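One structure is given below, represented as structure tokens, and several questions about it will come after.
Chain nomenclature is as follows: A, B, C, D, E and F, assigned in order of appearance, with residue numbering initiated at 1 for each chain independently.
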Amino acid sequence: MSALFDTRHIVQELASARQRWREAQRRSTEPGGRELPSREELNRIVSGLRGVLFPMRLGPADLRQESEDYYVGHTLDSLLHALLAQVRLELRFAARLQAEVKTEQLDEQALDIVRQFARALPEIRRLLDTDVLAAHAGDPAARSVDEVLLCYPGILAMIHHRLAHQFYRLGVPLLARIVAEQAHSETGIDIHPGARIGESFFIDHGTGVVIGETAVIGRNVKVYQAVTLGAKSFPTDAQGAPIKGQPRHPIVEDDVAIYAGATVLGRVTLGRGAVIGGNVWITHDVPPGASVTQARVRDAQREEVSAGSRQPTPLPH
Amino acid sequence: MSALFDTRHIVQELASARQRWREAQRRSTEPGGRELPSREELNRIVSGLRGVLFPMRLGPADLRQESEDYYVGHTLDSLLHALLAQVRLELRFAARLQAEVKTEQLDEQALDIVRQFARALPEIRRLLDTDVLAAHAGDPAARSVDEVLLCYPGILAMIHHRLAHQFYRLGVPLLARIVAEQAHSETGIDIHPGARIGESFFIDHGTGVVIGETAVIGRNVKVYQAVTLGAKSFPTDAQGAPIKGQPRHPIVEDDVAIYAGATVLGRVTLGRGAVIGGNVWITHDVPPGASVTQARVRDAQREEVSAGSRQPTPLPH
Amino acid sequence: MSALFDTRHIVQELASARQRWREAQRRSTEPGGRELPSREELNRIVSGLRGVLFPMRLGPADLRQESEDYYVGHTLDSLLHALLAQVRLELRFAARLQAEVKTEQLDEQALDIVRQFARALPEIRRLLDTDVLAAHAGDPAARSVDEVLLCYPGILAMIHHRLAHQFYRLGVPLLARIVAEQAHSETGIDIHPGARIGESFFIDHGTGVVIGETAVIGRNVKVYQAVTLGAKSFPTDAQGAPIKGQPRHPIVEDDVAIYAGATVLGRVTLGRGAVIGGNVWITHDVPPGASVTQARVRDAQREEVSAGSRQPTPLPH
Amino acid sequence: MSALFDTRHIVQELASARQRWREAQRRSTEPGGRELPSREELNRIVSGLRGVLFPMRLGPADLRQESEDYYVGHTLDSLLHALLAQVRLELRFAARLQAEVKTEQLDEQALDIVRQFARALPEIRRLLDTDVLAAHAGDPAARSVDEVLLCYPGILAMIHHRLAHQFYRLGVPLLARIVAEQAHSETGIDIHPGARIGESFFIDHGTGVVIGETAVIGRNVKVYQAVTLGAKSFPTDAQGAPIKGQPRHPIVEDDVAIYAGATVLGRVTLGRGAVIGGNVWITHDVPPGASVTQARVRDAQREEVSAGSRQPTPLPH
Amino acid sequence: MSALFDTRHIVQELASARQRWREAQRRSTEPGGRELPSREELNRIVSGLRGVLFPMRLGPADLRQESEDYYVGHTLDSLLHALLAQVRLELRFAARLQAEVKTEQLDEQALDIVRQFARALPEIRRLLDTDVLAAHAGDPAARSVDEVLLCYPGILAMIHHRLAHQFYRLGVPLLARIVAEQAHSETGIDIHPGARIGESFFIDHGTGVVIGETAVIGRNVKVYQAVTLGAKSFPTDAQGAPIKGQPRHPIVEDDVAIYAGATVLGRVTLGRGAVIGGNVWITHDVPPGASVTQARVRDAQREEVSAGSRQPTPLPH
Amino acid sequence: MSALFDTRHIVQELASARQRWREAQRRSTEPGGRELPSREELNRIVSGLRGVLFPMRLGPADLRQESEDYYVGHTLDSLLHALLAQVRLELRFAARLQAEVKTEQLDEQALDIVRQFARALPEIRRLLDTDVLAAHAGDPAARSVDEVLLCYPGILAMIHHRLAHQFYRLGVPLLARIVAEQAHSETGIDIHPGARIGESFFIDHGTGVVIGETAVIGRNVKVYQAVTLGAKSFPTDAQGAPIKGQPRHPIVEDDVAIYAGATVLGRVTLGRGAVIGGNVWITHDVPPGASVTQARVRDAQREEVSAGSRQPTPLPH
């Protein structure tokens, strides 16, 4: 009996494919280990940080209130050291792409980043508390703040975002992105870690929400499912490559509400207290207090309704 | 070498943040254990109930048809006891929020809830069978009822919903919500456990579907991705807080089809056999048999098409 | 103390429900084991194949470049044998539905399928490399090709699709569907494994994208979140059952861009280089180079904006 | 940077070593999978059978008495099928060594073996109950039969032995040996699965006990730690290879007690009710009711005691 | 195809066997859950306590010295609550055997037991430190105290014993026994939790050591492998049942050394500083400072040596 | 309700205990991480090396002969890197104890050690093959060499020993000890990694075997359970501390057999082909070809047999 599969041949072809890619991308073909941060490890760290921020709600099931500080202290210390290793990986990888690896300096920089991140945690907890209150106030179906923290995908997305945004600000954008994409996968809410979001932010339902890298959002803003705060287009350089980092997403001022399916594109400003109706499409500024709806469109639709006779229907329990 | 991070200080600040929250929310600051049901445990229970309902498709891989009853009996008994513990947690938590904890009475109530839930399982299985048949009939890409049960996110969402709706009806809305959000996370389909849905319900693709708490849906209804059955607005009390529990979502009668991206808002009625076209926006009743489309909108769009020369393009295999 | 739950009765009722279903669906009521492929096993296999295709990025964390071939060889061989078992399960299940089980012949066929699948892997890797490059070129927020491979949900969806499409072509559509739905669950991107997609395909954000079974997509195509390439309606046979397998989804030629929320329905053709604006609704052919936007709709909307006074708002950091 | 280890060279040398071994042992050098039963799988099966035999003591922690039969039925059926696969592996491996593989016949034989094994389980349970009672009666430190079943290594060893002995009798000695060695590793008690042991057998402490393949033990026998029931020597054939399967270990009749460290070698008989003292060495028959001790040896020792002055010593609590 | 195994019949027979046992042992045949403490849970608790006692050596790999107190506090609190549940199970089980269940009183008693256990932990740590030093001083192969703590089975056995002895003293002998048997299984050292052992106790190699329930051991005692401190016989009551709890094992005073394989039986006293040679058999008191050896036996043996010619043999590296 | 346990107080007392120990042992009280190699990690490495040495017997269950080299290559490379980290930990720890940490030099030394270890693996495989053959030849109950490799504790002990001995020789005695103790725990066989053992070594049953650090064993030696090759006493220095590393255990030449329970103490030589009977006690050289038995002792014992009447006893099946 001979081998079922011609593994040897396929292994060679896959090796050739990798070789071609590495040459084209000028990646090392030398021996060496994993260069990039690990998604699994980041997920473990963020999952632990959820418990550090909200020990009795998102921490271990057997935790008791009287030993919260012990739990927080032990877990935090352990996670920060694990995070330090991931920050180092990203800094070295970034430096290698620019052919400038000064290991010692990078290690100091990594330590500095994790220290700043750690110091930001209490403020992140405070901001998340405002988000929880906003969700409770904004959703008639919410029964308690506890239910909100435990169940709402919008809160999960904001926990990840407020952590990821710190990573973004501190200069480790790849870690930031991994953290953000984890929330995207679990909730369908896609917030770029670069977005700046004020306190008391509420996302209801959330599936399909997209918020772009340079978006700026004020306080007490409400957003419903499938809302996009996107870019209209982006400037390209002489070679046609997109110029990265330009402000290209909307500014949303305090107290704005944006209903489901609305699309806001480009560096436009939605003024304080504006209300953006469902499914509308915005590419220009909206003045403070204004209300944008789709009335005419709906009028047009109604004329298309064809006749039919109303009959009673038994409904489920 | 000194400690890398000033953990002690951050632990204190986080403790202060928790203290402030607890005082503001009038939560206990006394010693004590976890008060809320556990998402992980609920997920384990529901995952087990999937196997109880469909042993040879969603049960353990090594199960054999001749010992289905053994498996169902053992698993069911074990899961109901686990569920009892979670129901107790919710009832006690709810009672504590209202400062009225009579443990004994709550325990009887918990037992009664789980007993009723258990008795409902055969009917839930029957309803899910109609959902599977509806999906098979409604999707030209479906090859067999088995494929539908195994693969379709809409079926997964309905398994969770039909279980969660029982929890909702029996007075444990937090458990209901946890079960619903688990399906939301896995499928992008967000059905509030309060929604009443008749037999033979079919959701195709499903990502972005939102069905609100007081929606009522008849038999043989079809819904496609990104459909919203939502509330237009909700009444608020004197303090501006939303009044909870008011009927505020649509009634959908038998045999209605709602195509992708349509939005139906408010306590409107879609009459028996109505067809709602893709992307339309409905805030008024639709008579039985009527068909609502977006024709005019599409006409308007067509005029915006700029010229271009058609050329043949090679296509992938 | 008597038993808390009347398990015996519920077990019987559930058994009756299964019995009725099996009789109605003409399924076997005889002793026997699991007949269908296993989602868990398929997920394990595909997760392993991700590592085989991109060892240093998606393989085990402790892999080193100098032993990539060892890892690829061992993992590939092991996964192909596991896959063979799943292919056999699907072939036998399909044959049983048609009452024609010739085990020996099916086993040869299964082996043939897995061999062809294995041979396609290097080309799949090559195609995925073009997808990664397309994402890097198309997204101003992308910092490196490595970040794209590690983080982008669109890339995850394409890894699954390109594998699933092979399964579909080789005659194991259930395996194909399971692999596709796994990506759908993780990313919110729902690509039917039957869709034919050319190289350098880029999906940005992705949540809510739906691409139908008979869609055909050329090279260098870009698609944003919530785009639907769907069917308008499908032909039914004399009994009203949908006729399966008819071409009913769009053809998208090379270099087309389709912006967020656009819906393209039916066997229409989007000509080479066409640009489809956000939220537009297409049910007719679009000529090469044409640009379709929603300008008139937006004009209509603007008139609905109610007045308001612009005021400065402090923004978050 | 070059690879740290010369893996390639070592891989080749290890391959050569395997090649030499296979040639010397006339093992196949052809492609193919694992031929031998799996220790891990056997351990899983036996661990499950412990729960089948004693559901409320050694079964799952959440089992309840009212659903014991469900648990036993489901677990038993699943384990017997898993066992069938292992029995097949052993039968085929044995047949291959003798170059006579008739797969179909072996499969029937395997099924027959597992059926007989299953039928023996109730009698095994009954025998183990007698062992538990014997341990409770024989150990002044035993507080309840429940403690004995839960804690005593001698009981664990007998559960394994009574299962392993069935395997031995039914013609799958390799499975038998794996099961026995698992108990040996956990308890330090080494009972060859061939040994025939009557009811109410009690092993106290147990570490170092060795009972050989052809030993025959009656009812109500007690054995303490480090007792050996071994072979004195074994006949060899013309080539000097040991002749396998000859009776060469002791016969121990009913009601015998053998104290710690005693060694009994060869096909000798310890008559009914005999008492063998600690550390004695027996190579001849002992008549019924006799008592063998080491008195003279102890006399000899006492003379070696050197003088010393007794002083009071404070003792721990 | 019919079912492969007659599971139904075997399930019934096993149920009958359980029924007979329960009737004979007067155990409940009513519905109800697990009544006994769980070995798995106890093992988890003890494994955690090892880390509480020696955080940087036996705690989690990523622990750092600066957060030891956090780790110890969190882990201890969590384990004590888990322990409380196990103590309750044992107390209730014991009360049920005596038909006197007063739940409330038992719960207070359980709490009291765990509190006393917790308070004993610092002293247990101190005693274990003396054991580690004794092992380091007594074994020429020991390189550091750290190696001793990490590797020596005798230390593992003493960690378990000193915890188990507390359980024994506090009135939960079943928990004590489970903890002791876990060490027995891992090390081959069988110390009954009732044994009272002074500080600086050293067991070398350890396999086969047996120390009985009423043994009393002073300070600085050394014991080698296969030493037994056992009972000669035990008094029985009128019905021939052993009378439990009588002193029946040796008293070993300070500074005694007992070499490998020695057996000491009955309530005898080995006086301070006595040395018991390998393999000797003691059933009488030994005076302080005395040395007992097996000289005569060895003389006898030497005469049995048959002649042979010495030849040089090459030895392994 | 106040906290159940006074955790805070116990945490402080445990911290004081650690502080006292660290001061007494002059251990660091500074912040810092785990300093010692990890038992869990070593066990993982050795478990992997078993598969590298015997891929089709002790490797993964789904491995196939045609991809052995891939498996061996990938696993070996990964394990050697993991081992390198553990070797570094031991070298640094040892250096710190002697207050001489030169990290760079130690890293080179660590790499050198692992390289030498890797190169020794093929010879270790060859030696283990001879051990397997010796067990097969020496045990009349052994049915095949495969059974021996799969089941015999003596083989497991020798796999660990031959790996541990390499670690010992290469200067990482703590790793060596951890590997040896793992086998001791699983088999009851305690071989110090320093012992030098020739090819074709066979340990039958094994429980209680102890072989000391400086023992030297030739080829074709057989040893049975509870055999000790120990030290009689060891020289101490002026302070009474044992002098480490002196030859103090027996030399056993080729073709010697040592039966169960025999004790050989001190730097004596058992000459080529000598046979040491069960339970004998040796402290002097034994000439080549000699046979030492316990005949006189047994004669003495026989006189102690008290009379009894032989009666037939029914025996178990």
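In this text, contacts are C-beta pairs under 8 Å (C-beta built on N, C-alpha and C of every residue); 3 or more make two chains touch, one makes a residue touch a chain.
Please read all numbers here as calculations on a predicted model, not as lab measurements.
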From chain C, count the fewest steps through touching chains until chain E is reached.
1
Intersection of the contact lists for chain A and chain B
C, D, E, F
Chain pair repeating C-E, as identified from D-E, B-F or A-B when over half of the contact pairs by residue number coincide
B-F
Same vs different contact residues, chain A with chain F, by half of numbers used:
same
If you take the mean of the Cα atoms for each chain, which one ends up farthest from chain B?
F
Specify the angle of rotation obtained when superposing chain E on chain F by their C-alpha atoms, rounded to a multiple of 5 degrees.
120
Among the chains, which one keeps its Cα centre farthest from the Cα centre of chain A?
D
Chain centres from averaged Cα atoms put chain C and chain D apart, in whole Å, by 53
Using mean CA coordinates as chain centres, what's the gap between chain A and chain D in Å?
58
How far is the middle of chain D from the middle of chain F, if each middle is the mean of its Cα atoms, in Å?
23
List, in ascending order, every residue of chain E touching at least 2 other chains.
3-4, 7, 11, 30-33, 62-64, 66-67, 69-70, 72-73, 77, 81, 188, 207-208, 226, 261, 279, 294, 297, 300
Looking at which chains touch, is this a line, ring, star, complete or other?
complete
Mind pulling up the chain C residues that touch chain B in the complex?
4-8, 10-11, 13-18, 21, 25, 28-36, 38-41, 93, 97, 169, 173-174, 177-178, 181, 184-185, 188, 190, 192, 194, 196-199, 207-208, 210, 212-213, 216-219, 226, 228, 230-231, 234, 241-246, 248, 251, 253-254, 261, 263, 265, 271-274, 279-281, 283-284, 286-297
Quick one: in the complex, what on chain E touches chain B?
3, 7, 11, 33, 64, 66-67, 70, 81
Help me check something: in the complex, which residues belonging to chain B touch chain F?
1-4, 30-32
So in the complex, which bits of chain B are touching chain D?
60, 62-64, 66-67, 69-75, 77-78, 81-82
Chain D-facing residues of chain F, complex:
52-53, 55-57, 61-66, 68-69, 72-73, 76-77, 80-81, 84, 111, 114-115, 118-119, 121-122, 125-126, 129, 137-141, 143-147, 150-153, 186-188, 205-208, 225-226, 260-261, 278-279, 294, 297-298, 300-311, 313-317
